[in-house]
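Labels run A, B, C, D and E following the written order; every chain starts at residue 1.
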């Protein structure tokens, strides 16, 4: 899994059917100290996160496992809101 | 998922059977501000996008989940046409 | 699989249901000589590792296979504690 | 999917059983203009391509979907011979 | 698939149950000319390779497909011993 921060929202009225009820966030990957690493990705929310939250997200096939319908074509999903990282 | 723009078309008359009815686009990955990031990929269209459209695409196994026949050997698919990105 | 070292813990009280019983560690990937390589990742523990341990971890779909519930949306898991690397 | 060119052949008499009938090519990834990008990979042929051909290849789990036996441990497969790229 | 050379062995007495009977090698990825590329990975052996052998290895979900028990949490496996590469 990866850490990151929710930056904003992607609005796409024309999309694959199984994505219709998903909120799609722009997520900036970050390291354990909150430093930005790499390019932003688009991830589906599954935990009610909001813009600005530090979150935990998964990629690849595991992302779809977090969706209500596991055959949704989603390759990044937010699966936790981070309280703190202890390193 | 990733953001990107449709650049053009790949013409391949000789291809794996399950790909025969797919339109294959060259897609330039872009970030949330529309800046190009990384190398172009070839993605199957599932939403009727056209050359020039800003789109949302998935990679890996999830791409095949967007196809009519989910066992199609496709590792990148366009799953949405982006109206706007709010960051 | 990859080698790495457990750096710390991620505390996230609000998370996807199937992740509730998992301990999530910050893991620094390392090479066979113990040198740090790349950015830290967050991995679920499956072998009782502790902060400071040199460990073996898997990524992608295989990580979920190491979980008690294989449909858990986890994309990195610790699957071994390394005694030594002979090269 | 990715574009690329077939560079040569890998000869491996001792291999996993399900790979015995596969031709394994060295493929140089290329962009839409035919420029080399990144390191060569080894991909199983599924469309009768030859050394020198410009081809379309998939990676990850989707590659195995292109094989006659979908549980073959293959993570890259050639799925099309490219006639032309229109960008 | 990728080419590489077996560098050594990872000894881990405490590991996930399904990995108990696997030999885990440190593998240095190489290109088609035998030049090292990128960082070493840890891969499970399935073909009886030895330290020093030039081998063919797969990553991601396909690696588990090469194991006797396909639900083993393995993301890299050696699937062939290379005789020669003709480019």
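Convention: a contact is a pair of C-beta atoms (placed from the backbone, for glycine too) under 8 Å apart; a residue touches a chain by one contact, two chains touch by 3 or more.
No experiment lies behind these values; they were computed from the predicted model shown.
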Enumerate, in label order, the chains that touch subunit A and subunit E alike. C
What rotation angle superposes the Cα atoms of subunit C onto subunit D, in degrees to the nearest 5? 145
Which whole number of Å gives the spacing of the CA centres of subunit B and subunit D? 20
Averaging over Cα atoms per chain, report the distance between subunit B and subunit E in Å. 32
Return the residues of subunit C touching two or more other chains; collapse runs of consecutive numbers into ranges. 60-61, 63
Topology of the chain contact graph, where touching chains are joined (line, ring, star, complete, other): ring
If the ring is traversed from subunit D in the direction of subunit E, what sequence of chains comes out? D, E, C, A, B
Contacts from subunit A onto subunit C in the complex sit at residues 1-3, 31-32, 37-38, 46-48, 56, 58-63, 65-66, 70, 77, 79-87
Would you mind writing out the residues of subunit B in touch with subunit D in their complex? 7-16, 19, 24, 26, 39-44, 60-61, 63-64, 71-76
